[in-house]
Amino acid sequence: MRFFSDNAAPAHPAVLDAMLAANAVDTAYDGDALSKAMDGAFSDLFETPVTAMWVATGTAANALALAAMVPPHGGVLCHRDAHIQNDEGGAPEFYTHGAKLMLVDGVGAKLDPAGVAAAADAIANDVHRVQPHALSITNATEYGLVYTPDEVAALGEVAKARGWGLHMDGARFGNAMAHVGCSPADMTWRAGVDVLSFGFVKNGGMSAEALVFFDQTLAADTLRRRKRAGHLLSKGRFAAAQILALVEQDRWLDTARAANAGAAALGAAAGARALHAVQANELFLRATPEEAAALRRQGFDFYDWAAGEVRMVVSWSQPADEIAALAAAIAAL
Amino acid sequence: MRFFSDNAAPAHPAVLDAMLAANAVDTAYDGDALSKAMDGAFSDLFETPVTAMWVATGTAANALALAAMVPPHGGVLCHRDAHIQNDEGGAPEFYTHGAKLMLVDGVGAKLDPAGVAAAADAIANDVHRVQPHALSITNATEYGLVYTPDEVAALGEVAKARGWGLHMDGARFGNAMAHVGCSPADMTWRAGVDVLSFGFVKNGGMSAEALVFFDQTLAADTLRRRKRAGHLLSKGRFAAAQILALVEQDRWLDTARAANAGAAALGAAAGARALHAVQANELFLRATPEEAAALRRQGFDFYDWAAGEVRMVVSWSQPADEIAALAAAIAAL
Amino acid sequence: MRFFSDNAAPAHPAVLDAMLAANAVDTAYDGDALSKAMDGAFSDLFETPVTAMWVATGTAANALALAAMVPPHGGVLCHRDAHIQNDEGGAPEFYTHGAKLMLVDGVGAKLDPAGVAAAADAIANDVHRVQPHALSITNATEYGLVYTPDEVAALGEVAKARGWGLHMDGARFGNAMAHVGCSPADMTWRAGVDVLSFGFVKNGGMSAEALVFFDQTLAADTLRRRKRAGHLLSKGRFAAAQILALVEQDRWLDTARAANAGAAALGAAAGARALHAVQANELFLRATPEEAAALRRQGFDFYDWAAGEVRMVVSWSQPADEIAALAAAIAAL
Amino acid sequence: MRFFSDNAAPAHPAVLDAMLAANAVDTAYDGDALSKAMDGAFSDLFETPVTAMWVATGTAANALALAAMVPPHGGVLCHRDAHIQNDEGGAPEFYTHGAKLMLVDGVGAKLDPAGVAAAADAIANDVHRVQPHALSITNATEYGLVYTPDEVAALGEVAKARGWGLHMDGARFGNAMAHVGCSPADMTWRAGVDVLSFGFVKNGGMSAEALVFFDQTLAADTLRRRKRAGHLLSKGRFAAAQILALVEQDRWLDTARAANAGAAALGAAAGARALHAVQANELFLRATPEEAAALRRQGFDFYDWAAGEVRMVVSWSQPADEIAALAAAIAAL
């Protein structure tokens, strides 16, 4: 029973069907009909003209987004526990050609305007100090917390006032949206987001994420950067097919709701053992090594996050009986 | 009738089947059973221990291979018409952090030892000049010619004598192998190749290429570089499944043979109009704009290569009637 | 008797005096009075507002200029024999983060509009091909030829029409100006030059070159790039002092005229043995290895340029008797 | 009365004399007799064979040192307040092509083995996390504290045990050595240091720092990196002359002792207002804005370090009356 990572989950049947349908001959790269439909599909979803492109990984999406906003001699403000800082092998530094990640604290991997402003104010504006050019937030955060549109907008105001771009790492954007229930527009561009890494792989996809540019002036160079990074797939139609299948009929929200509901059940069982509110599809649980071992003996697979802490992730297709069994086991600790 | 690019072709049914089979839950990244089977499958195929890893594009494979062999202050000798020079949007420079591609001439995009040695000898070995650290050849070449194992070995000797790495861009490695009929080992490591970009996408795959390290000391850092480039897929099992399906039962040779045979038929029809010998799956045809337009009016799609030259590519699944029709049309020019 | 390189020459007495005068305490980096005087001095010289900054080497000047105009995924058109391509150890690629140098032919290392346009026209404007973003010319060229203002302007028109920046590598700008005798403005910004590497070290300086931005919008980021490259000297006043001393009283033209005159004398002696017209301070001489050895036995030091070709450079302070002796020796060959 | 920065100070008379003497014609770059004497001079000083090269700034020295030890996908452990993190405009990231600086805490900008080990232990050794490849310490630190040889050796053991390189930023190495009074060998290679940035500019030099490789295997590539960064000066003899003049007769220790003595006098006057022990040539003083303003009205120039803190730096040539005056003013606060 895998609660290790939502990356272990299967792809959604609609995704598979769409890929099989895309197997007909069409032209190469992103010249095919499906790839060309991306802009329209996301413009509809976000109720504003956007440029949307597929990439193969969230790491590539994030790194391309940052490279679009930050020069090599600039910096990115982000949370100390951000995925871009800790889990991408230095991809932001690679794609930006050496921009500096500037780490800010905040509870549950969430940033707030005061903390961000204080971090920025500590940086003298002279040629000796790297200057911030963008703010990157993760929604849902690395600890499964969700920014509300108002919270994003407050950060967006800080960014705009200082001339920074605002990037949202939405590896679990679906989970965040399923929790809040607002419009995608309110969570993003209306709150000041310039570029969104819109994750699908953790949410029913196979190998395609969407990079959505609300600031469309950043898109043209990114198409060149994507090619230069080896991310212009030769048969892009199979990537577009995945994404479009999940956007259609709001399947991405259905899958996210299912995962969130499972995590909520685990959170309820965990009670005070939960280290963070369970708002998305992750539970961070206080557990001794002995308790963790006991759970594993019962057949549950999960991640040792830190000393005395484990992470359990519910995927979109997690069987109900697995969730019930794990909830019971947690409650019995 | 698309003769525009082998990237327009569908994926092989065995590939699709393997991907559907891979949809069961397994762990993330490259920890799954299929990804772990890559080293063994390619070690068997090449009759020597190798490290093999999937990447999403041939551009990424080539750029990672070069970055493994060439420092940022070094250079790569390659043909003036090489894909890495002209068609990858600067990916080699990106991955190597600015190494210089050093262009060498040769008929049909083939290099020969004398030409390579002369180019290298013209570079003074001082700190002012960028020094070559690798030689990169493409087999089959960008004009559809095939290096024999002896030809590769002669270049391998030059490389070894000068301390360079030898990279083979095998975007159409299957087509080259199908033409020569030798063992994969003879074409590669026995001839001095250190790293092979082994292409599958143009040959029945969907979105996975193999990067094969005969010099296994180069592999560990490349795993980190792959992650840093955003090419460590979250659900890598779907990439491994594609590659393994084509390696099994030598399907990759069957698909390549089919494509080569179709191109040979076109070449026979072209006669003296063929600009290069047709050894792989491409025909470069002398054609006036009027002739090209006439072919297009008959429903054939192809690429305008240069003034008075068009390129026609036969894919692994090209219908026999399309090939026959195009051959007839060419013969009638 | 050194005719090996103008870098072997001493610094001008006025330069030394200015440096000694600068030894009084002043503030660090480029906040001192001398560094602050650079913009004004060069704005006066060029009859237009410019931003001017010192750097320690011509390589740094050139690389910073290119980085200001060309993104990492872009390219620079330059002559095949350009210093930036052959003699800077890959500095342009380092500073631009991997932009590609695109090599163009031309007699005597000079480019002409037709050749440049043809090279550019051969580059398809798609995402697979690196696109040129700047044109870089060297005046005087690597073979000692000088572009006239009209020739520069013709290239400037090509650059502007295509949206490229125009860089002039003026490592021997003084020698070029001394030959043509026009105003510095006519040779540069009036002819479309955006950034000039204005060389002083080969022309009486010690360790300071000027980077002059006619397009002042490029300067602010360059100040950050200069710092990031370790080229913001801690005691910048000693660099500014050198440059200002040579600009004052047009000393830079006096030194260049002296060197040019010496080279002209050598050129006259060489006659048909001269491989290029002697317009600046260099003579490229046809000489067999035996002839070269004979000259060396007479005490002359010079550079073996290529098979059967040697290079002789006259410096600003070359003693008249050395020049006369070498001229006689050449004439006697 | 400037206590703003030791970069504001003049060059030592012996430095000026040596530069004038170097003005005789010699060959270019680092082929001259003075540049060639660097290895020997520093090998003598450190009692072991080293490779030593000049660079123009401490930023370049540090960045080259780190690039020699850390791959682009690696990291450098350093203090949160290290100069390489805060004051070099991102130079380490530029030269290393994006390696990550990993910040560690410690009192007075000093690191200790336990803190370093704990920071490293928190980094999981998988492909998702950037791995440390080097440790960089500053001696004297950014707050004017000095590591003893034993303290360095303890950090050196941690570095060696984990396979990291050890870099010492010695922008104020002279001040550290003057404080400790040990042999240069004990402070560096005997304590595990692989590369030293040996600062001269703050200590009587004009525009030359030494980069000293105890691990000589790192030097050859660094010569190429130096050229590629535009730091191979055309007339290198003027840089070598400065350094050699200060090494001769241990002038570098004399100048450092003078500066340290001045700072000690200020520290004695400051008493409990001193934020850190005064071991080198810097005093960090607790002072309200009003107190700082009062001092400035008396003619003292210094740096506002942080809220309620100012920094006063004594240079090698600081007049005794200025020191006495400032000491009296501080005591009178």
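The first chain written gets the first letter, and so on, giving A, B, C and D; residue counts start at 1 in each chain.
By definition in this document, a contact is a pair of C-beta atoms (placed from the backbone, for glycine too) under 8 Å apart; a residue touches a chain by one contact, two chains touch by 3 or more.
The chain list, named the UniProt way, goes like this: A, B, C, D = Threonine aldolase family protein.
Remember, predicted model here, so these are calculated numbers, not experimental data.
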{"item": "Chain-contact steps, minimal, separating subunit D from subunit A", "value": "1"}
{"item": "Those chains which touch subunit C and also touch subunit B", "value": "A, D"}
{"item": "Centroid-based (C-alpha) most distant chain relative to subunit D", "value": "B"}
{"item": "Length of the line joining the C-alpha centres of subunit A and subunit C, rounded to whole Å", "value": "50"}
{"item": "Distance between chain centroids, defined by C-alpha means - subunit A, subunit B (Å)", "value": "34"}
{"item": "Set of subunit D residues in contact with two or more other chains", "value": "72-73, 88-90, 94, 97, 127-128, 224, 227-228, 232"}
{"item": "Touch list for subunit B against partner subunit D, complex", "value": "71-73, 97, 127-128, 131, 221, 223-228, 232"}
{"item": "Contact set on subunit D toward subunit A in their complex", "value": "72-73, 75, 86-90, 93-94, 96-101, 103, 127-130"}
{"item": "Sites on subunit A touched by subunit B in the complex", "value": "2, 4-5, 7-11, 16, 19-20, 23-29, 55-61, 63, 88-91, 94-95, 201-202, 206-207, 224, 227-235, 238-239"}
